[in-house]
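First the structure, then my questions, so here it is.
Letters are used for the chains, namely A, B and C, taken in the order the chains are written, and counting of residues starts over at 1 for each.
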Amino acid sequence: MLSASDAILQVEHVSHAFGGVRAVQDCTFSVPAGSISGLIGPNGAGKTTAINVVGGALKLQHGRVRYAGVDTSGWSPAQMARQGLLRTFQLSREFARLTVLENVLVAATGQIDETLRGALFRRRAIRARERQLVDQARQILSNFGLDALRNDWAETLSGGQKRLLELARAVMARPKLLLLDEPMAGVNPALIDRIEGHLRELRDQGLTLLLVEHNLNVVERLCDLVIVMAEGRTLAEGTLADHRANPEVVRAYLGSSGTVGGARV
Amino acid sequence: MISMHLFVLSIGFGLVTASVLALAAVGLTLQFGITNYANFAYGDYLTLGAYLTWTFNGALGWNIWLSLVIGSLLVGLVALVISQVILDPFARRGGPVVYILIITFGLSLIMSNGILAIWGADYKEYNVGFETPVNVGPLSLTADQLGIIGITVAMMIAIHLLLTRTKVGKAMRAMSDDTSLAAVSGIPTERITALVWVISGVLAGLGGGVLALNVVTFDSSMGVTFLFVIFAAVILGGIGKPYGAMLGALVIGLAVEISAVFFPSQYKLDTAFVILVLILLFRPQGLLGVVGKA
Amino acid sequence: MTSSTGYYIANLAAYFLIYCTFTLGLNISFGMTGILDFAFVTFMATGAYFAGVTALGPSTPGSEIYYILGLNWPFPLDLLVGAAAAGLLGGLVGLLAMRRLRSDYLAIVMVAVWTIAWNLVSNFSNLFDGTQGIVGVPQPLSTNFNTDPNSYVYVFIPLAAIVIGILLVIGYCIERSPFGRALRAVRADPDVASTFGKPTFRLRLTSVMLASAYAGIGGALTIEFIGAMNTSGWAIIETVIVFTALLVGGRGNVFGAILGALLVRIVIIEGTGLLPQIPGHPELLGAFRNIAIGVVVILVLVFRPQGVLPERRRLYFEQPNRERKARKSIRAISK
C-alpha cells in the first residue's frame, strides 16, 4: 500500500451492487501520482463498474474514495471534473453536431463564462478568452494530428480519429488524474503505438493515468503498476511480471479464458 | 362529514378505475419495455378502441361485450400496421431517441383528428340499458362495472400465463431485460416486437372500450386526457414490468377514486399527477423496477 | 391590391411575428438543448393569461367573468408580467422534470403538466374564467394612437417587430456563445458533458426557463392583439404545431425558427384556412388541417430532420476558404 502522500487515488473497500447482483466487492487499490497504472482482469471482473464509482457516474454504495487526499465519496462527475479527475469511455462518445474544435473547446473547465448573462452582456470579454482557448485547442489538436479536421462535425471522423479526439478533449480539460476505459479497444495496431506515445507524453507532463485495458501487451509496455481484479474483487497490485508468477491471478484468468500476458484475454 | 359508506363505495369505484388502468398500463409497459421508447399516441389507441366498439354496439346495435372484443382486436391490427410501417423502421435507423417520441406525438395528432373526421365531434354513448347497482359485499357496482373488473382479471391471468408458460412469453421477458442479448441468443426479436405491438394494441383497445363504458359519454379527446395517468401507472410499477403496472394501476385507481371523497371530483386527475411527481422524486425506477433503466 | 387584402396581409404579418416568439423559444429548449418540451403551450397560456389579467381591471362582480389580479397596468408591464409568470412556471416544471436525464420521462412529465394545467384552468373558474377564458383585454398603445379596431394592426406590427427583434438578437447571441455551445454539448450527450464539469442541470433549467419566457411573451402578444384567450387556444396540438414549425424551418438555427413560423403557421395553416368549408361538417376542415400537420412532422423527421435551414457550422476566428469547401464536396461525393 502506498502512503497517502504518494497516492493520488485511494479506493478503499468499495462495493457496488446492481439490484441483487454484486458487481464490485471490497475493492481496494491505490494509484501512485505521476504514474501510468493499469487495471486488468477477465471479463466481468468489475473494472468498468469500479471506474464508474470512482468517477462519480455511479452512486457510491459502500466504501470510500480518496482523490488527491480529499474524500470524494459521493461526488458527482461534474464535481470530480472540476477537481481534475476525468474519465473517457469505452465507446468513443464525441459530442454530435459539434465540430471537432468545439468538442475540444467544450472540454475546457472553469475558464469560460458559460452562462446566459455572459452570452448577452459580457461578449467582448468572452471573445478575448475564446481566442486564447481556440489557440490552446488548436495546439492540442495539432499535437494529435487533427487540426485539419477541426471544422468538421465530430461524428464524421473515423473510429481511430474519434479515439484521438477523445484524448485531445481529455488533455484540454487539464486533468490531474485521467481514467481511461479501454483506450485501445478496436484500435488498429498502427494507431496503438501513436496513442501509447501520447499517453507517455501526458505522463511526462505530470498527469497520472489509470487504464482499464484488456490488451496486455499495451499494459506491459505502458504501465508502471498493474492492479488485478476478478469477480468484483481486487486480487493483487504489482508489476505484470509479479502477476504472472501469482497463482491466484493466473487461476482467475484461466477460469475465464486465455493466459496472463502474451496472449490477449 | 365524510361517511364511511362513501369511503367504502369509493373503493368499489377505485377497483373499476384500477381495472381500466390496468388493461391500458400493462399494454403500454409491455411495449415500452421491449421497444425502449414511449408511445405518445397510446391514449389515442384507447380512443380508437372506444370508437370502434361504439361502431358495433352503438351504430349496429350488437352486444357490448362482443363489440368490445372485436373493437380491441381491430386496434391490435392498427397498432401492428403502424409499428410495421412507421415506428419500427424509424427506430431501427438509430438516431436521437427524441425524434421517435415526436413522431408518436405527431401520430397522436393524426389519430385523434382522424377519429374526429370519421366519427364526428359529437359525444357518443354506448347502447347499454340503464343499470341499477348490485350490492357485492359492502361495495355497490353495476353489472357492467363488475364485467369490467371481470374482463381485467381474466386478461391479467392470460398475460401471466403468456409470460410464464409460453415460449413467446419467455422471449418477451428476455427481450425486456436485455434486447441485444436476446437477439444474440437466437430470439426472433422482430417477430416478438410485432407481437408485443399487437398485444399492446388489443389491451389499449379493450381499455378504451371499458373506459368509455365507465365514463358513459366520450369524445375524441378521451385518450389524450387519460394518457399521462396510464404513464403514471407504468412508471409507478417500473417500466417494462407488467406486474408492476398492475400494481401501479391498483394504487392509482384506488387513490384517484378515494380522493374524490375528500376533494371535488373534477380534481381526480390531480391525484394521479401528485403520485407521478412523488414517484419521480423519490423512486423513479418504480416500485418493482431496478435502478439503471431510469 | 384592395385595402381588405392589405388588411388581411397585415393580420397575417401580425400572426407570423407572434408565432416567431414560439419557434424562437422552442429553438432554445428543444433546438439547442434537446429538451422535449411537450408542455410548451402551457407556458404560452400562462403568459397570455397573466398579461391579460394584469392589463384588465378587477373583475366586476355580477359580470359572470371571474379572474385573478386585475391590475389595469399598461403595456409593456403586462407583457413583462406574462413573461415572468411563464418563466417561473418553466423553472418549476424544470425543477420537477429534469432531475432525471432520460428523455421520455421528461416528456411524460411535460404532458402531465399540460394536462393538469389545462384541467385546472378549465375547472377552477375563478382563476381565468374556466373554459370561457378572459375577454376584453385592451390592445397596447391603442388609446395613445386612437385607432379604430381595423387600423390597430398597423400599430401592432412595429410593436411586435421590435419585441421579436430583441428576442431574435438574444437567440443569435446565445447561438454564438460558450453558453450555446455548452447547451449543444448537453443536447449531444448529457453524461459526457457532466464528466467534463458542465453543470448540466443548471444549463437545462436556464434553457427551459428562457424558452418558457419566450412562449409567455408570445402568449401575451396574442392576447393583446386578439383581446381574448380561452382553453381552446392551447390544446395539446398547439405544441405539436410549434414543434413541426421548428423542425420544418430548421432546429438549432434562429433563422430556421423564423422560416418555420412562416412556412407552417402562415403557409400551411392560413393556407388551409382559405379552403372552403365542407357543408354540414364544420369540424372536418380543422381535422384535416391537423392531420396534415401530423403528416408533415413525421415526413420531416423521416426525410429531413435538420429542416430547411440546418444548424450552421461555426468557424472560430477564421474565414471559410474555398479550398476547404472543395475538399468538403469531394469528401461528400466519395462518401
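In the analysis below, a residue touches a chain if its C-beta (ideal position, glycine included) is under 8 Å from a C-beta of that chain, and two chains touch if they have at least 3 such contacts.
Not measured: the values here are computed from a predicted model.
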item	value
Reference subunit C; chain at largest CA-centroid distance	A
Closest chain to the centre of mass proxy, which here is the mean CA position	C
Chain centre separation (subunit A, subunit B; CA means) in Å	45
Separation of subunit B from subunit C, taking each centre as the mean of its C-alpha atoms, in whole Å	31
Mean-CA-position distance for subunit C and subunit A (Å)	42
Contacts with two or more other chains, residues of subunit C listed in rising order	none
Touch list for subunit C against partner subunit B, complex	30, 34, 36, 38, 96-97, 99-100, 102-105, 107-109, 111-112, 115-116, 119-120, 123, 236-237, 239-240, 243-244, 247, 281, 283-284, 286-288, 290-291, 293-295, 297-298, 301-302, 305
Residues of subunit A defined as touching subunit C within the complex	55, 57, 76-79, 81-82, 86-87, 89, 93, 95-99, 101-102, 105-107, 109-110, 112-116, 118-120, 123, 126, 130-131, 134, 151, 153, 169, 173
Partner subunit C, residues of subunit B touching it in the complex	37-38, 40, 86, 90, 95-99, 101-103, 105-110, 112-114, 116-117, 120-121, 224-225, 227-228, 231-232, 235, 266-267, 269-270, 273, 276-277, 280-281, 284, 294
Interfacial residue positions of subunit C with respect to subunit A in the complex	170, 173-174, 177-182, 184-185, 187-189, 191-200, 203, 206, 210, 252, 311, 313-317, 324
